[in-house]
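Here the chain labels run A, B, C and D in written order, and each chain numbers its own residues starting at 1.
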Amino acid sequence: MPSKRPRFVGGKILRNTGHGIFYRMEVAVPDRVEFVPGQFAMVSGWPGNDPLLPRPLAIFRAGGARGTGTVEFVYKVVGRGTALLSGLHEGDPLSITLPLGHGFELGAADRAWWLVGGGVGFSTVFPAGAALSEGRGDFEMFLGARTRDQLPPREWIPGGNLPGRVHLCTDDGTAGYFGPVGDAVRERLDGLKASERGRLTILACGPREMLRGISESALARDVPMQVSLENHMACGFGVCWGCVTAVREGEKSAYRRVCKEGPVFDAREIVW
Amino acid sequence: MPSKRPRFVGGKILRNTGHGIFYRMEVAVPDRVEFVPGQFAMVSGWPGNDPLLPRPLAIFRAGGARGTGTVEFVYKVVGRGTALLSGLHEGDPLSITLPLGHGFELGAADRAWWLVGGGVGFSTVFPAGAALSEGRGDFEMFLGARTRDQLPPREWIPGGNLPGRVHLCTDDGTAGYFGPVGDAVRERLDGLKASERGRLTILACGPREMLRGISESALARDVPMQVSLENHMACGFGVCWGCVTAVREGEKSAYRRVCKEGPVFDAREIVW
Amino acid sequence: MVTPAAPPDLAVRVGTVSLKNPVLSASGTFGYGLEFAPFYDISRLGAVIVKGLSLLPSPGNAPQRIVETAAGMLNAIGLQNIGVERFVAEVAPRLEEAGAVFVANIYGRTVDEYEAVARRLSDLPALAAIELNASCPNVKEGGILFGSSPHGLSGLTRRVRAATAKPLWVKLSPNVADIGSMARSAEDAGADAVSLINTIVGMAVDHKTRRPRLANVTGGLSGPAIKPVALRMVWEACRAVKIPVIGIGGIQTAEDALEFLLVGAAAVQVGTANFRNPNACVEIIDGIRDFLVREKISRLEEYRGGLLS
Amino acid sequence: MVTPAAPPDLAVRVGTVSLKNPVLSASGTFGYGLEFAPFYDISRLGAVIVKGLSLLPSPGNAPQRIVETAAGMLNAIGLQNIGVERFVAEVAPRLEEAGAVFVANIYGRTVDEYEAVARRLSDLPALAAIELNASCPNVKEGGILFGSSPHGLSGLTRRVRAATAKPLWVKLSPNVADIGSMARSAEDAGADAVSLINTIVGMAVDHKTRRPRLANVTGGLSGPAIKPVALRMVWEACRAVKIPVIGIGGIQTAEDALEFLLVGAAAVQVGTANFRNPNACVEIIDGIRDFLVREKISRLEEYRGGLLS
């Protein structure tokens, strides 16, 4: 039976192809995978003990039926683990623990949503976009990248073919808005009427600095925001306490696990 | 300039294919490789530090021209390193130090030679056969394996198409002589005339027990023999003193490096 | 007709504690045990050893807390935990319900705190043993003061020994010159068993930012990288004391576990391996059983301590 | 017009010894140095440190002498060497000829032997320093007796110090509880520098044959696996003493070397890395230079010891 309980499974690579600076990998797993957008997997796929730890990757897509599932990841090569993943071929085995963590809370259908992805952070927010598309939710996308070539392919973007839905931003102005995605979000926020702001929720994933900036803009305008954080992880399922981030707890602060209480947190909680 | 000085080179795999229980790998290297039969290479071709050490493999064939060389290895998967090698694809990089060690002394042209290979040990003696073939040396092959399927493919055997040249032996009698290759050698030795024995030199590579047995038979009959030994190696070029084997030195014994003074030793020297 | 052989007997005894098999989860790598319920039935383990408990809840160290190293990792969690009261009230009953044999790993900033935690746990009927962490390298008061000299260790052990009737296991630090004499101090002071090794103190820096990678600067090294050191120390401890020795350090596979049992360990703990493979512990149990079947050994006890020389 | 920047200055000083760069080959992993001549010009190294020398030639331990472990290896070579006389007669002149700065690593079974070897080497004008191996774990008499207590170490150091006018580097064992106090003992006894770490004692067994994998049973662990422990100890030693500290342990790349320099090492030694890549040392030198160029640092000394916190 398909289950949202985390499982440790052996997968087999179906496709692992480069798209600009990103790789997209589809993996066959023993059973259908159900997940909440924003949830992730711990992935390792190399022999030997160096690197030792699995790598956290957002679940980009998943599906399948009883006894035959698939899961997709989108990743960027940044170090040894992701470089090893990028070198894997069709048919190679992969070890995966999934689904993990606390995902986005998509809640009531009458809300408007802005989904913000900085860098490869889009891989975490697109599944939320896909879910909202299905429910015909009212959402817009803000995608930031250093330059034009580092934006995700248009066909991956949920609602990417609908006019006005997608706002591209580049630091060098080679596509869309010229400047950081956070600035674009803030400017648009300022253009909204109070009633529009009242309906809005922002979901975001990207570099910590970007998230901090947007969360300041959003919270100052009373717009609720959910942020998906990253941190180095050993286990990914809450047993090592390695991945904590400081959150407000009443007057004080406490360390919460990004892999368990997160990766998605209410932006108000975060001690940046 | 082609050189027999050991070098550390980056190679690129041209072919890496399975043949029964053996793999044969051809690698492009920056320059022509010259070697003495019995010499070997230290090979590593995996990212990360686990496994850490390169693996010793006999140079099975080598050639090329100035600025474009090739080297071939034949290997059997026995553990982690060889398993990793077997999973490499065309185009994958490989690090190689070669040529290393003291090879077979093929000396005078008027001698008769028996080349004995047990298990994958054939990969070390075939190059000697190939060299003798070129010089039209008078040689015979004795090849031992557990069973028929574990013998090398016929077309790899130097002189394999010449009748009477090749003596196959299997422990289970599924091909050729029924029994250990050492027994076959001893029986044939006993059938030789003294004059024939006087011209003979035996070159052998294989499990230590096999080499010990054949060397007893040969030395008892005053037939010179060169054995190629194996041992765990860290460096392969004489600097760690990890690979020693005990040899006779006058009345006493001393530890000599298999990678430097060997792998090929005069069988009389070895303290088994 | 061939009668199928009885499955091999994996039972071991650690002093007075009988365990159905020798595979225990190492403290700090297994949460409070319940987190593994989605993966397998935790009552299958020899025992569950929970995250180190202190008298009061502890916030732990600032992040960054972990760094990957070659075939290992450094951690400086700083013993973040819910404190002994919440453990007794909320976690222990659920572990009991799950049918798990469980052991509490404890630490204190002072000997008094160690005593107080041990005393509070002594009331738990289902608790199989107390493991005294005399060796956490990541909190200044976490026992390293007690754990690095035979004298400090025996003083601490004696006091905690007197404070509880539970079997007392003393977990040793590898950051010492002579592990055998540390094991003997624990034995002399009344420990029922010693467990080793805890992590080796290490450090990582970023050559570009010029900063330590851990907020705590140093951390504890664990994982396959330390296995050869752990195995040597376990072998030395086994030769130094008569009480049982529990082997820990870099165990990832059944073969690794068998190596520790071969040099004389009464049982083993699996730590970092749980992170890459949540099923590691049960795969190790199955692997040990398969090995005994293949080698036609009917009782693990026949194999244990059987190192030839 | 842009004038090309001068190449960065990699020179370092280890006490009175000036080296053109901070990359030295570690003893026992570089033979007598000449074996590397086919690969590169060994005069390019900061210094060549040769295989440990004893008074008389030594046969070393029985094989098996090495075992691979996770990201590391164990060795129990047992200090096989040609003895100091043959070194002086046959090797030293050729090292001098090759233009190499070279250092002799020495050990003795007794303090007298240490003294005698040091004295014999003092006659070599070209020898840059003597490195006293107070820490070989693989021969019973190889210094571990001296190297595991501050008292033993200072006694040995004092005696050898008096026996030679050469700069004296004392190589420390990591198999101690407090590396800082060991470094201080060496400093107080007159060492010109300390180098660390030597290998960590480890062990490997074969769970099937039930035998130790090394004939010597235990061996010394080296390679990337130990880097975090080595870096921590070097950092601690740098804070404990005023004399230069030479960092050793698991260095494979320029980044690794820079990490040791960042925590304060005056120079580094590269050991096990030479085995997998005979060009490791020169690639590390080039890598350090490239890093300084990229970061626009004109002198390595500006970077060294610059750990931020």
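The rule is simple: contacts are C-beta pairs under 8 Å (C-beta built on N, C-alpha and C of every residue); 3 or more make two chains touch, one makes a residue touch a chain.
All figures in this text were calculated on a predicted structure; none of them were measured in a lab.
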Pair with more cross-chain C-beta pairs in contact, given A-C and A-D = A-C
Query = When the centre of a chain is set as the mean of its C-alpha atoms, what distance in Å lies between chain A and chain B?
reply = 54
Request  = Go ahead and note the Å separation of the Cα centroids belonging to chain B and chain D.
outcome  = 36
Length of the line joining the C-alpha centres of chain A and chain D, rounded to whole Å = 47
Request  = Could you tell me which residues belong to chain D and also touch two or more other chains?
outcome  = 69-72, 223-225
Remark   = Listed in rising order, chain A residues that touch 2 or more other chains are 48-51
Query = Line, ring, star, complete or other: which one describes how these chains touch?
reply = complete
Query = What does chain D use to touch chain B in their complex?
reply = 28-31, 35-36, 38-39, 51, 59-60, 62-73, 75, 77, 80, 223-225, 252, 272, 274-279
Key: chain C-touching residues of chain D, taken from the complex the two chains share   = 69-72, 74, 148-149, 175-178, 200-205, 207-212, 217-218, 221, 223-229, 231-232, 235, 250, 255, 258-259, 262-263, 291, 306-309
Query = Where on chain B does chain A make contact in their complex?
reply = 46-51, 80, 83-84, 89
Inquiry  = Using the touch definition from the top, list the residues of chain C that touch chain B in their complex.
reply    = 70-71, 224
Complex contacts: residues of chain B adjacent to chain D = 5-8, 44, 48-54, 95, 97, 231-246, 254-255
